[in-house]
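We call the chains A, B, C and D, going by the order they appear; numbering starts again at 1 in every chain.
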Amino acid sequence: MKIGVVVFPGSNCDHDCQYIFQDVLGQYVEMIWHKETLLAGLDAVVLPGGFSYGDYLRTGAIARFSPVMGAVKAFASKGGLVIGICNGFQILLEAGLLPGVMLRNTSLNFICKDVYVKVENAATRFTNQCESGQVLKIPIAHADGNYYTDPVTLGGIKANAQVLFRYCTADGKVTPDANPNGSLDNIAGIMNADGNVLGMMPHPERSAESILGNEDGRLIFQSMLSSFGKPELQSRLIGV
Amino acid sequence: MNALVITKALLEQHKLSDDEYKKILEILGREPNWTELGMFSAMWSEHCSYKSSRIHLKKLPTTGPRVVQGPGENAGAVDIGDGLCAVFKMESHNHPSFIEPYQGAATGVGGILRDIFTMGARPIALLNSLRFGGLDNANTRHLLKGVVSGIAGYGNCMGVPTVGGEIVFNDIYALNPLVNVFCLGIAKKDKIFLGKAAGVGNPVIYFGSKTGRDGIHGATMASDSFDEQAGQKRPTVQVGDPFTEKLLLEACLELMAGDCLVGIQDMGAAGLTSSACEMASREGTGVELELADVPRREPRMTPYEIMLSESQERMLMVAKAGREDEVIKICRKWDLDVAVIGRVTDTGKVVLKEHGQVVAEIPAKALADEGPRYDRPSSPPAYQEMLQALNHDALPDVKDANAALLALLDSPTIASKRWVYEQYDHMVRTNTMVRPGSDAAVLRVKGTNKALALSVDCNGRYCLLNPYEGAKIAIAECARNLACSGAEPIGVTDCLNFGNPQRPEVMWQFVLAIEGLKDACEALNVPIVSGNVSLYNETNDLSIYPTPMIGMVGLIEEADRAVTQWFKQSGDAIILLGQTREDLGGTEYLKVVHHREQGSPPLLSLETEKAVQACTIRLIREGLVQSAHDCSDGGLAVALTECCISGSAQRLGAVVQLPLDGLRRDALLFGESQSRILLSVKAEVAERVLNVAWDAGVHAARIGTVGGDRLVIQVDGDQRAAGCKIDLELTALYDHWGLAIPRALGQD
Amino acid sequence: MKAKIHVTLKQGILDPQGKAIEHALDSLGFKNAGNVRVGKYMEVDVNEPDCAKADVQVKQMCEKLLANTVIEDYRYELQ
Amino acid sequence: MKAKIHVTLKQGILDPQGKAIEHALDSLGFKNAGNVRVGKYMEVDVNEPDCAKADVQVKQMCEKLLANTVIEDYRYELQ
């Protein structure tokens, strides 16, 4: 699989995403400077985490005007796979590729810790290697992950099974206590109606190697690969 | 050059003594102008010139087979094999953080990061050592919140994980908090960059942010004591811009990947002045700069302001002549301001021009290296004997050990720092194998099988009671934290925070502490490769405790062998390495329960320490160890508690049986005897582990078993052992240890 | 000309910052204070002598970048 | 009464946000825009009918909490 990882000024999980796809999963990865206007020959695009443009003004607000975002929109509209992680999710929201906005965490603090998310829909190109209802342990690291949208939109994405991940307890209960940031309906990740654009706040790339003590996040990347018909990964697995 | 009347008041403002001024006259052969006076003042400040400390720092051991770069450059570098080296350093930002905690701490992080990436290393980890007053004080709470969010704000945005640190709360730091930040980066061994202005005719290039009027006199302020008028020093506050620094980092690394760069240095304290004169001085060259070409944020800045501004996120580099366009192109790609502002010369002088007119001219060496050096008088304070006297007979032994343990767990110095490190991104760059919360942070080194372990440590109270022993213990404990993860120490950086060096008792503390660091480093065979001195940490004439903060780096050859401090499995055997003595002096127990900070710090035998650490590392390497945790603040009872409840995945209880062996009950449970490490091992290898230890000459005993949902510590012995039993539910222990800090902050 | 721009959260949108400040004011003893709302205030120099043109430009800046109109309102004055 | 409070960075203090926004406006084609400064705008209800007393309170809130007077200025109106 050919994967493009977009580098915005201020991206800081770009290398981490590159490492997972290239060094751990053995895929072909291209780093894409944000001034690029063409995305040719790629199977999937990653918008990595970080602080694009320092997250000044609003998270993702400036990055969405980067030249590359026009290409990302075109890529997505032709059905290309796009995954936005953390800041990448925030950019997808600002760019209108996914509905809703991010508010500040209710604690106002940046929060970095492991959380549990429940897979709400396992029949997608991002989750097909998970069981429906499966609980994944994946870390979050953000100050603005408090997802919000209007009730009509919320109703729509729920009805359409676009909510892929919700914050939950270790045993899979979606409770207010399990919600780390005040996110509406405990939403941790959503996809678009066409099912090819995913935004999620937790960082699967940080929990995809046994040497880091957790491989749950890997299921998401493996799902992406398998949706390209490559369930048998020729991956160079590190630390297994 | 405009004439200037040098008055006493003007010199005082610039913190230059009469003798120092005389020396300036000698060097120049004339009176300095205002700009030159300012430049001397900044470069000869304590902060930049180390005038009170330099002759003592020379005693520190700084060499070894792994040392690639020792003190003197932006940071030290140590060989870790595979063609790589670890580049690291620690810095203080105490005074700025007291004035404006968020920005002070943030710009401290910014400064130490630049020190690392100017060397050609990509920063991969930050740690921080903090000292505050008691949390019952509203201003301390404000400082703590501000400092923590400042560190988070900068480090998180940069994408460099903050993987560890330590915090001590003591009223002595209430009006003089300490904010020390440590950074480590990885560089190719043959691609280390130095701050050298080599090659006459080569262009001197400025890049990064524009220059504003921020922080003028920051370097002299860092050498200021505070008084009630601290508020008036406020305009010197600098605002950090981590986004620009991130661009600066990427631009630097991209420039360094090519071959157009000759030398590079960041503009830290004393801004353009220090970078220009130090780069020239190191190489024996001169530089000539045109100030009109310096990118500026504000109109009508004078040469004085331009040269002394401490605007953040700026760099100075010397490139190969003719390669300017390449450099400019890369800087522009990263949206940075960039300008060729001068050339390297062979005059040995820093010459500054404004629109072609010379506005300052000073020999570079004189500014950078020939500042004053003082051998300041030192003598022990009159109260030293009183401090050390501790009559054990006057201290009632513990009657309710459960209550004493809970009180210790409530002490914010001992309590979990989770509230702090959850605000730091400690996982970005996906190297963090052991996150904050264990004795040392462990990071794998991508592309190798190795890992690095990092720890920062210092017990200021020990150093107050005995500066020599306290400093020794700081080194020993730091190394012990590394050993508990399975790492061999390979290098040290320090940040020596002391009071006013013009007080003989402060100099006495300083000199003894240096002796202690030296002896401990030599015994443990680990060099000091970088460091920083922060003096004048006093407010209203009250000096802080001597606090020689230590940052240590350790190497683990096989990353997957690293262990953490918490228990792993029911049924595992608990083994204590090392011996418990009657060490109550200077303990947290004495402070919390008896409200005394007195006595002699625990005895440390460097020989024993070395044996215990070597034994632990060996056992871990052989894969025999499930968990390892050293006994420090709060002694054995607190260490056992932490083994039970500090793991994030699960909590596991323990049943422990200790012999009293003629000790006091409190000394057994809460005494801080050195060179002790708690291991948990699979029951079937317990015997073997004990044998390995005894064969290595290390005292070892099986003291209990992991399991259950309580911590039970029984003490056998005579009648005197009564009341000494600890028996508490893990949930109760966690309710104190885990929540003490958020509770004190009203955020539980 | 100078544009003075206010960006505020729409009515009914949760304001975590406002809430936190309200809470802090309360614990500082300002029992009278309530209903805190936090927004942004920006000043932008617009080098355009024609008032009407400047107005169009500032409006576009707000719509495109300065406000997220899903949750925020904006208003501005030109001076 | 309602207090409308503006908190802005002091003259000469670096405004990283303003800088980034300026840059963004420029690349969006707003070549006329410059010198962007970003501050906070807050509204606080003060349940105190006496104007003079309310004034004292709001001033204190600003000094103690709402503004960081080391680097920020504030001003307010009461309505």
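List of remarks:
The working rule: a contact is a pair of C-beta atoms (placed from the backbone, for glycine too) under 8 Å apart; a residue touches a chain by one contact, two chains touch by 3 or more.
Just so it is clear, the model here is predicted, and its values are computed rather than measured.
For the pairs A-B and A-D, the larger set of C-beta contacts lies at A-B. One inter-chain figure worth recording: chain A and chain D are separated by 35 Å, centre to centre, where each centre is the mean of the chain's CA atoms. Note: centroid distance chain C to chain D, computed from Cα atoms, is 10 Å.
Here the spacing of chain B and chain C, counted between their Cα centres, is 41 Å. Chain D has residues 16, 20-21, 24, 28, 38 in contact with two or more other chains. Across the assembly, chain B contributes 241, 243-244, 335 as residues in contact with two or more other chains. The set of chain A residues that touch two or more partner chains comprises 53-54, 56-57, 62, 65. You'll find the chains touch as A-B, A-C, A-D, B-D, C-D. Note for the complex: chain C touches chain D at residues 6-8, 18, 21, 24-25, 28, 30, 32-48, 54, 57, 60-61, 64-66.
Contact residues of chain C toward chain A in the complex are 13-14, 16-17, 19-20, 40, 65-66, 68, 70-71. Those residues of chain A that touch chain B in the shared complex are 9-10, 12-13, 15-16, 19-20, 23, 49-51, 53-56, 107, 109-114, 139, 141, 143, 203, 205-206, 209, 211-213, 239. For chain D in complex with chain A, the residues that touch the partner chain are 16-17, 20-21, 24, 27-28, 38. Looking at the complex, you find that chain A touches chain D at residues 53-54, 56-57, 62, 65.
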